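Both complexes shown next keep chain A, but they swap its partner, so chain B is in the first and chain C is in the second.
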Partner chain A sequence: MNLAVDYPWVLLALLLNLLPLFNNGVSQSHYPSVQILPADILSSFISVLIKMIAIAAITFLVLALAGLNRGQQSREHIGYGAHIVLLLDISKSMDYTYAGKAPDGSEESKSSAAKRLLTEFVKKRPHDRIGVAGYSTSPLFFMPLTENKQAVLAAISATDLPALAYTNISKGLLMGLSFFQQQSAQTGSRIILMVSDGAAVIDPDSEAKIRRWSKQLNVRLYWIFMRSENSPGLYEKPEDPRDDNAGAMPERYLHLFFSSLGIPYKAYQAENPRAVQEAINDINKLENMPLYYVEKIPKQDLSTQCYLLASLFISLLLAFKLVEAKP
Partner chain B sequence: MNILNNLKDYRFYCLSLALLSMLMIFIKPHSIKLNPTYNFTFIVDITRSMNAKDYQLKNEAVSRLQFIKQALNKVVLKLPCESKVGLGIFTERKSTLLFEPIEVCSSYAEIENVIDMIDWRMVWAADSRISKGLASTMTQLQNSGSHIIFLTDGQEAPPVNPRYKTDFSDLKGKLKGLLVGVGGLHNVPIPKYNNQGQQQGFYKQGDVPHRSTFGMAPTSSVPVEGYNARNAPFGSAKVSGDQHLTHLYEPYLQQLSHEVGWSYHRLEMSEHLNSVLQTPEFAKQQKGLSDNRTYFAVFSLILLAVIYFPSLRKVNYF
Partner chain C sequence: MIENNIFYYRKSAQYNVFPGAHTGKTVGNGLLFKQHKPLIAAPDPRHIDLRASMLNPFSQYQVKSFQQQSRLNVFLLADLSASMGYQGQYHKQQAVIDCLLSIAKSTHLIGDRFGFVGCSDQLKSPLLISPATLQQGRANEIAKQLKSTVLSGQASGLLQAADYLPDSSALVFLLSDFYMPESFIEQQMQRLNKHTVIPLVLWDKKESSDLPRWGIVKLTDMEQGKTRTLWMRPSLKTKIQLAFKQKQQQLQHCFRRFGCEPIFMEQGYSASLINQYFLQITG
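So, the complex of A and B:
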C-alpha cells in the first residue's frame, strides 16, 4: 500500500495542528490561584485527549484536501495474449471490392471488410498489446503497441478513408518489425499480422534486413492475402516457366520468401470476407499462449474516508464541548 | 445546567457549524457544471519544404516539422479531459488520418508517441497541392464532427496555375477549422535527402519548376515570348524564381482561410496556438461534475483554527 497525495503543498496546512497544543478549546475562567488546585491525572488525561482529537480532525481534513489516495498500483498476471502489430495495406486497390470494382453498396470494399473484421478481432483480445502500421508507397506509423483498445480502434478505423498510392511491402514490413525493436525484453509472443491484397518485389537491401530482424526479434508472421478475382494466387505456378519470376508473380514469390525466413509463418488466401473472418478466427485460436502481463490498477481516492473520520472527530469535540463543566 | 451554559460559548457554535459543513460534504458532494471540451483533427503538412530549418528550440535550429511536433504535444497536454484529438498528415493532393479523434487524457501517451513518429518519409507521393489537399480533407471530414487544424507553410509545389484554382464555395461554412501558418517570413533553403535518408545539401535553383506549366496557359493580351500554341503555350522564356527556397506564404494562406471561412494563425509559440484553439468557437459544453467538498472542508478547517487559536490574554491552559 503506497499512499500519495495529489497536491503536496496543501500539506503545509498541517501546521494548523500546532494550534491545539497551545489552546485546548475550553472556555477559560479566572481563578485566584491555579497552584492550589490539586494535580488530577484524569483531568490531564482528558485535556490531552481533547487536543489529540482536535489534531486528528485537522489532520484528516488537510489530508482529504490534499487528495490522499492509494497511488497507482500494478499487479502481475499470467493471461492469454500476445503483442500484435497489424500491418495494413492502404494502397488504392484496397478500396475496390473482391471483384475489382468500386463498391456500389451491394458488396463492401476490401478495406472496409478488413476494417470491420479487424475491429472485431481487437475487441476479442482484451489482454493483447496491439500496434497498427500501414504501407502504401511509404510506411505509415498509426499507433504504437498499446493496451489502449480505444486508441487501436481509432487507428484501424482511420484506415478506412480513401487509400493512397502503391504497394511497398518491404518498407511496411520493416516498419512492422521496428515496433518490436523498441521493446527491451520479450514477454509473450510477437506477431505481425499483415493484411494485403497484393504483393510487390522486395528489394535486396530490405530483404537482408527483413531476414535478420525477423529472426532476431523472434517474430511470427501471418499474412491474410485478400485475393481479388482474376489475380494470381499464392500457390499458382505459371504455365509459361519464363513467367516464373518475382516481377511477374509477386504474390507467389513473396509467399516463397516468407516461407524461407525460418520463422513461424502462415498464409491465408481469402477470396471473400468470410474467408478473412475464418483466417482471423484461426489466428485468434492459435495465438492464445500464456502471456505475462502487468495490469495497472488506477489510484484509489481516499478523501471520502478522510472526511468521514474528520466528521467523527468533530462530533466528538462537540460532545466534549457540551459536557464541559463551568465552575 | 452545564449544557445551557456551554451554549453561550462561541466555540460551541463554531463546532456545530463545522459539523454541519462536514454533513454537507456527504449530502451534496458535487454540483453539475458545464465544462468546455474540444474535438480537433490536426493535419500536418509533411512535404519537403517542411524540413526547412527556420525555427529555434533551445538555441538550436529545428525544422518546421520538429517545431510542429513539440507544439502539438504541448497543445494536447493542455486540452481538458474529455476532449478528443485526431491526427493526419498531408502531402500531394490529400491527407490521410493516422487515427480518428480519441479522448486525450486516457490516450495521451499514445497520441504523443504517434506525433513523435511523424516523418517526412511517410509521404506517398511528391507534390504539395495545399488548396486541393485542404479541399479534400474538408470533404473527407465534413461529417466527423471534428474541427480541422491544418498546419502548413503554404508553399504550393509546383506553383499553381491561376486558371485552376480550387473552388471552396461548396465547402465554405460546412465545418469549422483553423489554418496554421508554419515557417519564417524569410527565404531559407530546403534540405535535400537521398534514398537512404541522409541529407545531401539543399535544393538548387535548377532542381524545381518555378512556374506552372500544367494545363492551359493563362490568357493574356500581351503575347508571351516564344509563344507557340502547340509546342510552347507558356512561352519559351526560361523562368527562374525562388521556388527552391521556402518561406511562409502568409498572404496566400490568409486568402485561403478567407475562402473557406476559417481564421488564420501563425505558429510562433505553442501557448499562442493553445489560446486560439481553446476558444468558445471550437468548444462544446459538456456537463461535468465539480467538487463542492473542498469548499465545505476548507470552511470546517477555518472554524477549527478559530476555536484553537491561542487567546492572546495571558491565561493558564489547564
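So, the complex of A and C:
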C-alpha cells in the first residue's frame, strides 16, 4: 500500500488546513462577554468536531486534486515458462500468400497466418512473459516483456499494419536481444521466436554485436521460416558454386550464421500453415522451465474515493450550517 | 427618547459651601437649627436669640446658627468599552446617551452641578465634563458626540476616572455592564470610596434568557475577540441563565461590601428605577 500523487505541488494546498484551526466557520454574532458563559463539554466537542470535519474535507479535496493513487506495485511470481520475444517480419512479402500472390480470400496471407498462429500460441502459454517486436526497414517496438496476455494479443493483432518495404533482419534481432538486456538476472529460459519469410545480409558490425549479445544473454533462437513457393530453402545448396554467397542465398547464409552462434538454435522451414503450427507446438513442448518474474500491478486511481469522502464531509458541514441558530 | 427622564435624588452634601438643595454640614443660611454661638463668633445680630442670651451664665449674646442646604456634585462615570456597543433588545450605547441626558436634566432641575467621565482603554478627553458645571448644554453636546462614536477597547481606563472627581463627596453614577472581573470592580470601588456610588448595571435579556433553544451559535467577545461555539439546547440555556443569576448575586455582594446597592437595568435605561431606589433609601 504505497500511496502516491500525480501533482505533488498541489499538496501545498494542504496548508489551507490551518484555516479551520482558527475559525470553525459558524457565522458569528457579537456578545458582550463570553467569560460569563459556563463551560460546556458538548459544545466544545462539537466545535472541535466541526474543525476536524473541515480539515478532513479540505484534505480529501486536495488529495483528490493532486490525483492520489495507489502507486505502481509489483508482485513476485514463479511459474513454468519462458521469456519469449516474438520477432515478426512485417515486410511487404509477408502480406502475400505462400504462393507469392496477393491474398484473394481462398488463401490467407503469411502475415495473417502468422498472426493467427501466434495468437493461439500465446493463449496456450499462460505463464510466459512475452514481448513483441517487429522489423522491416527498421525495427519496431510493440510491447515489452509482460505477463499480461491481453496486451500481448493486442500487440500481435497490431502487427497487422500495412507492411513496409525491406527486411532488415539484423536490426530486428538486436532489438529482440535488447529486450533481455534490461533484465537484471536470468530466470527461466530466454527465447527469441523469429517469424519471417525471407532473410537479408547481415553487415559485419551487427554480426559481431549479435554474436556477443546472444552469448552474453544466453538466449535460444527459434526461426520459423515461412518459405514461399519457388524461393530457396534453408538447406538448399546452389548448383552453381558461384551462387554460393550471402548476397544470392541470404536464407542459407543466415541459417549458417545462426548455427555458428553457439547458442541453442532451431529453424523450422514452414511451407504452409500446418507446418507453422507444428513448429509452434514443438516450442511449446520444449520450453517449460521454472520462471521467476515480478508482475507489475498498475497504479490505481483513488481520487474518486477522495472526492466521495470530501463531498461526504462537505455535506456534513452543510448540515451543521443548516442547524445554525441566530441569537 | 424616554418621555419622563427626570428622577428624584437626595444625598447629604457635606462640606459644600455653595447653597443648594441637599442637607449639608456647613453653617449658613438655612432652616435647620444647628447651634448657638456667641455674637463675637457669629456677628449676625438678625439671629440673636434673646431667650438663650438671658439664660447664658456669662451674659453673652447668643446667636442662632443654621445648617445650610448645599449644592451637590453629581457625576456620571460611563464605561464606553466595546461591549457597551452591544445591540440586543435595546442598544446599550443609546442607553448610555439616555442616562447621560436624564441625569443632566435631573441635576439641572434641582440646581446641582453635573460632571461626566467616559472611559474605555483611556479616558476620553473630548467626552469629559470635569469639573462639574451647571450648564446643561455641554451634556447635550456630549450626547450628540456619543451617538456618532464607535465604541472600542476595554474598560480599564475607568480606574483613572476617580482622578477627575472632586475632593468632596459627590454622587457618582457608575454606568457599565460590569462584565469585568470582580477584582477590577473592587479596585474601582476602592478608588471611589469617598463618594456615594450608585452602580447602574446595563444588561440585556438577549444575552441570557433570550438565547435560542436549539442550534449552533458562535459568540464573539466584543472586547477580547475570543469566540465560543455553543450547541444550544434547553439544558445549556438554563445553565447560562443560572450563570447570569450567579453573576448578579456576585455583583450585589461585591457592591454591598462597599455600601452601595446596584441597580440592574435589563430593558434599557429607566429613570423610574433610580427614582424608586432613592425613595427606598430615604423611606
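Points to keep in mind about this one:
FYI, the second predicted complex is superposed on the first by the 214 of 327 C-alpha atoms of A that agree within 3 Å, B and C clash if a C-alpha of one lies under 4 Å from a C-alpha of the other, contacts with A are read in each partner's own complex, and residues count from 1 in each chain.
As a working rule, a contact is a pair of C-beta atoms (placed from the backbone, for glycine too) under 8 Å apart; a residue touches a chain by one contact, two chains touch by 3 or more.
No experiment lies behind these values; they were computed from the predicted model shown.
In the superposed model, A:54 lies in contact with chain B only, and not with chain C. Using the contact criterion defined above for the overlaid structures, shared-chain residue A:324 touches chain B and also reaches chain C. Look at A:46: by the touch rule set out above, it reaches chain C but stays clear of chain B.
In the superposition on chain A, A:32 makes contact with chain C only, not with chain B. By the document's definition of touching, neither partner reaches A:2: not chain B, not chain C. Between chain B and chain C, more residues of chain A are touched by B. Comparing the two interfaces of chain A, the one with chain B and the one with chain C have residues 24, 27-28, 31, 34, 43-44, 47, 323-326 in common. Across the complex, chain C is touched by residues 24, 26-38, 40, 42-44, 46-47, 50, 320, 323-327 of chain A. Per the touch definition, chain C reaches chain A in the complex via residues 83-84, 86-87, 177, 179, 204, 206-207, 210-212, 214-224, 226-232, 236, 239-240, 242-244, 247. The residues of chain B lying in touch with chain A in their complex are 2-3, 5-6, 9, 11-12, 15-16, 18-19, 22-23, 25-26, 86, 88-89, 94, 96-103, 106-107, 109-111, 113-114, 117-119, 121-125, 140, 293-294, 297-298, 300-301, 304-305, 307-311, 315-318.
Residues of chain A that touch chain B in their complex: 13, 16, 19-20, 22-25, 27-28, 31, 34, 43-44, 47, 54, 57-58, 61-62, 64-65, 90, 136-144, 146, 148, 150-151, 154-155, 157-158, 161-162, 164-166, 303, 307, 310-311, 314-315, 317-318, 321-326.
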